[in-house]
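In what comes next, subunit A is part of two complexes: it sits with subunit B in the first one and with subunit C in the second one.
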Partner chain A sequence: MGRVAERSATRVSFTRYLVARHTETDRWCVSLSESSPFSADEVPLTRGVALRYSPIFCAYLAPDQPAPAFPSTPTSIAFFFSRRPHNALGRIRPLLTEKERELTYFTQGLASILCLNCKLQRAKDLSMSMGNVPLEYWPLTSGELDPRRAVVEVPPVGEVPPVPSLAMTGADQEVLIYVEQIKACMATLWHSYKTHNPEELVTLARLTMLTTEILKEYRDLSQRKPADVDCSLATVKGKNALSAALVELAGSLSYAVTQGASGSSPILLNPSPFPHFSLLGIGGEVRALNKFTRYLEKAFSVRDAAKVIFRVYSDKEIPITPNISGYRSGKDYKLDLASEKLREFDRGGELPEDDEVPLVAYFSLRYGFKESKFSLTAASETLTDEVSPQWTLMTLSHEIMHNRVREIFQALFGTDWDNDRDPISLQNYDAFKIWYERGSAAPACDLAQGLRNAVLNFCVAMDRLEAKPIKSERGSATELGIPYGKLNGIYGRNRPRATELFVHFHDYYFTYASQPRLYAMSLWGSWIKVAAPYARPTDYLVRTLATLASGTGLEPSPAFEHARDILDTALGALERSGVSSPLFDEIRSLLNAEEVRPYFYASYYLIDQVSRYFSSPTIRSGIDGIDGDPFAAGLTLTDEYSANVFVYGEDDEEERASPIRYCLASLVKVLRAETPIKDRLWLTAWNALVISSQEVQ
Partner chain B sequence: MLAPDFCDQEYTAEVLRAQGRTDLIVDGIARLTVERGVSEQIESETPPPATILHSFAASRKAYHRTSRTIEVRGEGVVTVPRTKTIRGEQHFLYDVIISQRGPDVLVAVPYHRLAESFFVRIDKALAGRRAVYERLDITKLVVKLGQTGVAEVADVSGTRKLQIGLTRCHVAYSDVQGGSRDLQHLLMSGSQLGASDVYRYVVAPILNPGSYRLQVTPILLGFSLFVDGARRTSAVTDRHGNFKLWIGPGATRVQRLFSLLDAIGSMAGIISTTSNLPILQSRAISEAEAERP
Partner chain C sequence: MIGIKTLLGIIRTEAVEFGGQLEVPDRMDGAIESYHSAKRNARHGYEGTERKPTENRAPIRHTLELIRAEDGTLKWVE
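Up next is the complex of A and B:
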């Protein structure tokens, strides 16, 4: 057994670093340390040695106990590739002696659990107890590993269909390279996922279908003979959009490969591109991202927004007022959840999504939290500080909602999958103009048109507020006074604002279960790390206030006061929990500025329509359900959620923790400084461990 | 004869199930205690026989509010908690009751706070001995007991009428669809809850979840064993495996608790085991009180 580091009662970090240095004799020198090899001033890489390392985390903690001692030069390391490490730790816990528990760690990689200083046979027994998981065993001599002596045992994978075929024949030379890249990624991921992430095989199959569809459209466009210049331009535009989609798919799948498949066995042959996770990778974290995303996608899949708009709202007449300045909200807009079982969005029979394309999720330092048509990125900081409000995984829900809202806008304004940014049609312009100018005297229109009108009305109002010094173009109080071409420009400029209101409502209502203070704290806790709120504080303030006021049914002025009070309290609570920024002072001064109110009134008008016609208890119950949540124990309040760092997963198949509820509970604990340990990296990895272990499909 | 110092108050208990030699489990726990008594065999209503060991947990930290005096047979008037100087420091001594029957080991201590630290020490001491914790699926138990809150259970001797009845019911309400939190918790207690119409109303959503908007989840149950209509023993438990019970003088109540667990165990699917230490998930039960039988 290696030298045991001195135990210190004051030690608060439960994170260790597993370091492997390549030696001149083609061996690896393996050691454990309390700090990262790069935390010292001297950088080992300058000596020209290959170095890989990853943080590892003490798996079994007890309240008020110091971190266990660790051997700086272990005699062996057993890596267990458990797909449900939280449950695996629960399974082996009674089998481990106190010493073995102290030498058991979990990681953020695919090799999710590791045991130090155990014999090979013991490792094999533990692997069986975890559910016959893949095992890699490193026997070490004086801390040195001869890679040829490493033992790799991967149990046979059950029946898995072959990689879905993606025909390249007929593909244009221009897109061939992307198709080849997609195919290569699919093959690599398929091989990795069948062992480490079988739930994601469905995602790959659907992405293959999507790629085939895009290629077919591309081929059709290529074969089309344009009749005139306009037609020719439209063809090129269409082809560009399709090839951009292929680029995005290829790019995101490449990230999925480099992040999700690295760290697989044999570990030394599959290094991670993330230098500070280079030894074991971040496969476990990527799995957590996927579980989080799939959980929300699954909840939303029960009601297809496009189907509701096309089949139900296009056939329903509910008037929406065009008068923003005279808008009063009222009881129809109040989300009186206790007394109303179904909302408008839930009516019209079962309308499940049947061709949804799951998002490819990965981490990005460059993009941070971002969403695009086929992919989703989480900030890389989430890998090390997920427990802070700035980098919490909860921010991911906002990005996922963007995807949902894109579908809504596509259904309202677009014609096909990539036309959501197209100009509004002449027909829609005419309908909007009549509705705007005649108000209640206008011919009845369906609800889908009504919602389109409300969005355009909001865009016009916001544009006029922005152009305050310029005299209104309106000929009279009721005349629109905006020609077709100009309305397109107004819509283009203000569409992002409208989109954000839709997204915020969805996030607030569905993910945060309409908890206003927590939502405001989460928003502003994360925004202090983003540039845009500093550049456009009014915009961010208004969308926050409108969201907090949504569903209250209050008249605009009291609604503003209501939201202002909540936000003010939330900012104070953030500051008390140690999250502060000069931006908060700016926001507080804006809360009292009169010029904010007109923006709020227009936003409140729109978000009220969103709240009334897109809230859905059916979907929400799927997100916030506690039926099988082992941590909920029947309790509805976040602060009574029993998830804690001393509790491990159970084998009960019916028990499934909600990643949303878990993340929220974790966030609340951090904001209240109630976490039992203060090691943020450990807590970050623990949260990912729990979320990655949940069965979602 | 068992004569705990704190027999005027409820004890917090956990029931371990050993997969190997149970005597090693008992020994492992006993090693953490001081002033260890002699293990006694107690008569059991149903086989196998049980043993009971009265010992003390030494703690520098005081878990009691005030000291008091009690009369102990053979010792006269004793101030409790007793104290003992260990390595030059004064320690308070609190009862530890360890009882074993078959694969089951019951450990009970007075004061929930003491349990929070002592049970963690036990868990550590038993690491590697394949000991797991028993817990009751209290939702299933409510369903099995139905609207009457009572169910007959089989008596091995065949001479008595055994019944399990509910005496305490703490439920949490959640309006999953509506998101309303108008009603969050409801606590009922009594000698026989099933006799009350209110109980039937409260548990209806648990028995027929599809027919109600509100989701009602039991988080704490008190239950008693009735023998020929007379209440013999009772305990309170949460869904994690934490128990609250009274341990009076003599070993009868401990022995009856095993009978109670036997009776519940005869209902399929109620008792399961967990590797998680129940006391670390004890929010709901920490303030609960056990009924005096």
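Up next is the complex of A and C:
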């Protein structure tokens, strides 16, 4: 019974494993197999030989056709280091014989395409057809490779500037080790990126500029003569923050080196630290992360949020109500995407970002999906199961929005190196006090201050929400007073909730094109693998409801009903597609819990302000989302769709799929249980192949 | 995505809020579910940082309250 099941599984698999075992004669025994060397109970590594392997994937599939036969002992392997492998496969397809197509594979590494059993000259011709890409060729004798006979041909790289200089001279002794590490990473990445990721050279240049500025601040602080103990402490804290930033930079760049540069030619000299991708690495997957990230970064770069807040919102008077209990929303808060014109965020002339630092993207099992100031991680599970709602690359968009919102909060509440103050400045405290206490009688304040006030007001509401027990009579003025120090604490404790509302709105509006059911399905399909929603389901429920209600302009109670209906429908759709969790039942029961509505009303108040003042058709027009995708509209003629697994890359500009549109379409297929094949690893690698091949700069 | 000047300001703000602690804490050991819980909660508030009162301002008379109404439901009043 077990054997039958195994054979059946093999028939639907289009994944193979390329395995290289080191021999005692300093050669490598190379073979192909249907399963990973570690899939069997008895692990062959116990024999003590060095072993490297990577999954490889049949490149040319046809509907309803089984996987082609493969030679377990190939006579040669040609590795092609194409930066746009999806397009390269499209280009060479008409040039290949049927047999050659069966022996062509793609990978998740920098050596993105490989052909088995072809002659060296044929490999050179194919390399030229792909656009003169780097080539490594292994002639094999009875499955054995003598590494000295491997052929490596790397076309000359065009004019590339030298590695940007980062002066160590004058750097404080305490941070020299980090500077050296950053410099070493930069040099390694610069060398690799020249050939494999030239679009990323600008990232390294910007990171060098940033590091230089951090070192300058550190030096300035080191030379400061503090007047008293408080100043001394502030100086040390400042230096700690700067050295922590250098640690974070060095750490991110180390990951970029080990993940993005391994697997380059000569392959056997550049193994990947990922044991299950040790032969070819995951350079192609990292390139996909970068393409996805750069695509959204580019869209947002047309409007610098800090500039809008400082230059436009600080000079504009639009009142925001302080009255959460009587909040009504209304037509000013309604978003009409179909006939969207410029909104507040778009006004004030062109305000592009001008020295933005792109995020360093890599995979992490430990951090999962996470954003920090300089970096972005995707869960390592995305390398093997991106096609599940839990590990879809789409989760990355949420993390990228965190970076955008980080900038917004810095502009609203942050300090700088010329000031030394609490997060809520005295000026902001006074403004909030007058705004709240005097209500409509308060003197007009600018919109930037109004947004600050709305965030603080929400934080106070969250603080009051947690007051227990809940009384049936009003508290005294003394009980309800908020001194300066307490407001700082209230803000500090509740800012994460406010931040999440900002982030969710950005992700929903910009990335998901305000498609409520899809967004809710994506969120909850992902969250069933995250522990926090199980621990704090109400938080996650309310942020979902508030996001789904944003932009409706409905009064709070109907807005709640509206969002609840959408969420209920989305959870049902997830369950019908096989994604279920006890968490869903918990969420449904919480919808009737008494504390959920007041929590929602306060959240709705804040997210309405975010929606009104941070929505931007200008930015949205740079994101080719699923709203313009024929597949989302119900198209089933998959041959007409560029992201079809049976359709190969084109060089035609109009045929390119945006990473967002592509990922969302893939997610929709999964949620509808309409994936064209059942091999999840193959689909995962294919999605990365397509995304990594897009031109987004 | 964030400009250099703003990034430097963010580092400065973190010095004030967190005293320069690393953003990603090293207390994430545990089972895989715990990893994913911790990483998404890494952006915690900064109430744990000891702070000195810096100014004796009059308190804000903030009257927002959650109370139990006569019909038994919870309501915001102010």
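Operating definition for what follows: the second predicted complex is superposed on the first by the 644 of 697 C-alpha atoms of A that agree within 3 Å, B and C clash if a C-alpha of one lies under 4 Å from a C-alpha of the other, contacts with A are read in each partner's own complex, and residues count from 1 in each chain.
By definition in this document, a residue touches a chain if its C-beta (ideal position, glycine included) is under 8 Å from a C-beta of that chain, and two chains touch if they have at least 3 such contacts.
Small disclaimer: the values here were computed from a predicted structure and weren't measured.
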Residue contacts with subunit A in the superposition, subunit B compared against subunit C: C
Partner chain in contact with A:350 - subunit B first, subunit C second, else both or neither: neither
Partner chain(s) touched by A:514 [first = subunit B, second = subunit C, both, neither]: first
Partner chain in contact with A:24 - subunit B first, subunit C second, else both or neither: neither
Partner chain(s) touched by A:414 [first = subunit B, second = subunit C, both, neither]: second
First (subunit B), second (subunit C), both or neither touched by A:101: first
Which superposed partner A:62 touches (first subunit B, second subunit C, both, neither): first
Touched partner set for A:332, first subunit B, second subunit C, both or neither: neither
Subunit A-touching residues of subunit C, taken from the complex the two chains share: 1-24, 28, 33-37, 39-47, 49, 51-70, 73-78
Residue ranges of subunit B touching subunit A (in the complex, touch as defined): 19, 116, 120, 123-125, 127-132, 171-182, 184, 213, 215-219, 238-240, 272, 274-277, 280-281, 283-284
Of subunit A, residues touching subunit C in the complex: 206, 209-210, 213-214, 217, 230, 234, 236-245, 247-248, 297, 300-301, 304, 306, 323-326, 353-359, 365-370, 372-374, 379, 400, 402-404, 406-407, 410-411, 413-417, 420-423, 426, 429-430, 432-433, 436-437, 457, 460-461, 464-465, 467, 470-475, 477, 480-489, 492-496, 499, 529-532, 535, 594-595, 597-598, 601-602
Interface residues, subunit A side, partner subunit B - complex: 62-63, 90-91, 93-98, 100-101, 337-341, 513-514, 617-618, 620-621, 624-627, 633-637, 640, 642, 644, 646-648, 650, 652
